[in-house]
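What follows is a set of structures for review.
Each of the two complexes below includes subunit A, the first together with subunit B, the second together with subunit C.
Entry: the complex of A and B
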């Protein structure tokens, strides 16, 4: 079992449903096919502990990316104060939705990439676009083994070569691209229309933050896996700044909701 | 005495020397010379071609200067077959980095990875070292224009100007005297031609005897090219004129 852990760097073989003593190469090539009399290879087919939306957008002088602090266990909102950000190097931060354990592993993998760079001792520093390419290749390689890291990552950073903010999206298929504003999870349905209407590339940081809070308010009301406690990270030429957790104010005291129907005029309804 | 300790690469002699590595380095000092000069706006590599009989059909490929990637070129001195094996390795290394990180590999990292590979042949396996020295010319966003030289032992050094191969010991003092901090690329090319003329011990430089390559940055993009036959002839003519001037001045005084 220890050998297998070292080999894959992740979970024990029991979860995979194959015997380590079989032919490893066979396993990699056949994916989920049966190979030479062994058990069929069963990888994780669905994420278990998941986090929902992340939204990122570029403003004038930086990039801001915001997420809530919840991790769900199926339909149950089980963990309410999880940090979903990981800083890599001095000017890149990545936020994750999807399987939280894969995010935790990738945090380690990114830190190892950072260490390999540091060990070079050559004064070179890595751009966010380069880290995004690396992550994208990692995701693509894993998906090609039909065993994906089940995440959508939003990466914010500061590009030194072009002296401008960077915002990128990397997902479980290995799709990688930069954008001006992007959302994952439910946000891609609820928040993107709002962003399309109100996004301007010359927004200030405060305006950008307010727009994101507006998006997360909508998500808290409508996404049952959404929380009102949010956290955000800002990437500028000065580096990365991770905020404290804050709670969005939400409104539930609509008169029509609170008043019992019996006390309302006959014609009124609660809608 | 050395005979007893020079058969295996992985054995030290009692004097603390690795004879096979030294013999490899010795092989290179008989190869066609290579001059490398770093200017403020580019790097030039100049190499002497050894095979100069007219029966040789050169085709498209040169024998001295090779492209590793868009931002790195290399000139070789030594066994061409060994050079080809290592150049292929360097090319794959550069593409692997580009595929993984979406940007060009820093030049020094490429040199280091090739040198680490060469070093293995001096310590493990009992195989002979590679009989080739390299002169790398490259540009990256971290350190701009760079010139590196590496030898069969796996050592590498960064240079402002240097020479390897035949007569390099007479080339280096010339470079030391004439290299200037703010040299422009065309001055560097001229100096490389002058030094190459000295190391090849020939009366003139013709395009069938040498290869020149320059690496520059234009509009933020790195590019490199071989100098054309006409350009080499032009440099050759300039050198002839300079030589004539010096001879006339000596005779008049």
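Entry: the complex of A and C
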């Protein structure tokens, strides 16, 4: 796995059948320095293919986390049906916003960990908080190499030892914390005020889902990279349930939106 | 003008004849770089008493103009009579506190007793200086009871300079807190010297001080964790602060 870490975004020379960039080992080991007069090592300096909002909240008896299914290339909505969830073990699910390729890499990394756990055949499974700690260290390690995983992750799960729902946040700096409700991407601006107003810890699952749908509607109307197709995962004591992709019903023919602002009284402007 | 200094030769000739560095006339290549640091805000401070120490930290976690969390701790209890409090970057705080806990556990296994507060204080300084050239963006306070049972407070900078002082504050509200502590506890250059505060008054003062910081510093607020460390051990409680 250590090799995979260093090789992220590059393939071992053996895979190509020839050696590139001179001495391979020196190349991968020399950190940010220039390797033996060759090209400098390239780090992630900005995200390329990105996904936007993920929102998660705890309700009475579980955690729900929702995302849309869009992935953008710059300002173009390039991929419209990407799943942004990764289930780890039997009671944790990770949802990502930010660089999609980094998320795909991390998915593979987490699945490998999952397999190593499974091979033990000891019936033990990791707590969501343990997986959050692992991911947090992974993110912090990469940011310390100045080559971060450009994601904000929201983790939902069920803590078996304390028998309560778990919701946690991890970002590209390695910031980690648990919270009652969390939003990433554009949702950290648009959805948080809605959640602050309407969130209650004793919500039912249906109420929680309805609130998240409301948030994603607001995002669909105002976030130009937002999509109306959403997916959600629910974590309860019974495990993880990942929903099918569904489309939110949206409406664009509000009278106020159809009337030119020049014909409206100043106070009735849609702004 | 474009490209006048594109060859090193021309630049060298220019510098020889004029003896100064010319203004660049072509755009330098754009450099994108990941900035590994951010300040997540928050205020921590501590005051030492004769047989006790009081420490406080707010629980707000911010990123830019957003509040990420209203209830994230900045404190870790390291031994039965020592707590570390950290302002600055949360990710680095988590890392530093984890490392401190590991090292203290190793110390306990090696020596079969827990380290004294001044040993913990020196350890933190060494950890911080170990990363002198890629520092932890953290501003720390170590607080506890020393081997004589007296209140001990240590203040640090990000790279490990530290000293034992009667009171210290760190973080985004540090300036607001320091001036009040100077006035009420340091009693520096005052016309009338008042009696020193007793324990209850000191705790009340500390609560008022962090509430005052919460009024004026946007990165401080929500809740404050209060640690009172005395002969009974580490006593933790929580008070409400302004939530806007």
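Keep this in mind: the second predicted complex is superposed on the first by the 212 of 271 C-alpha atoms of A that agree within 3 Å, B and C clash if a C-alpha of one lies under 4 Å from a C-alpha of the other, contacts with A are read in each partner's own complex, and residues count from 1 in each chain.
Here, a residue touches a chain if its C-beta (ideal position, glycine included) is under 8 Å from a C-beta of that chain, and two chains touch if they have at least 3 such contacts.
Everything quoted here is computed from the prediction, not taken from an experiment.
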First (subunit B), second (subunit C), both or neither touched by A:120: first
Partner chain(s) touched by A:161 [first = subunit B, second = subunit C, both, neither]: first
First, second, both or neither for A:262, with subunit B first and subunit C second: neither
Subunit B versus subunit C as contact partner of A:46, first or second or both or neither: second
First (subunit B), second (subunit C), both or neither touched by A:143: second
Subunit B versus subunit C as contact partner of A:189, first or second or both or neither: second
When both partners are placed on the shared chain, which of subunit B and subunit C touches more of subunit A: C
Touching partner for A:129 - first (subunit B), second (subunit C), both, neither: first
Footprint overlap on subunit A, comparing subunit B with subunit C: 136
Subunit A residues within the subunit B interface of the complex: 120, 122-127, 129-134, 136-137, 161
Contact footprint of subunit C on subunit A as seen in their complex: 43-46, 136, 139-140, 143-144, 146-148, 169, 173-177, 179, 188-189, 192
Residues of subunit C touching subunit A in the complex: 32-34, 36, 38, 40, 61, 63, 66, 68-69, 71-72, 89-92, 94-95, 134
Sites on subunit B touched by subunit A in the complex: 99-103, 106, 108-109, 112, 140-143
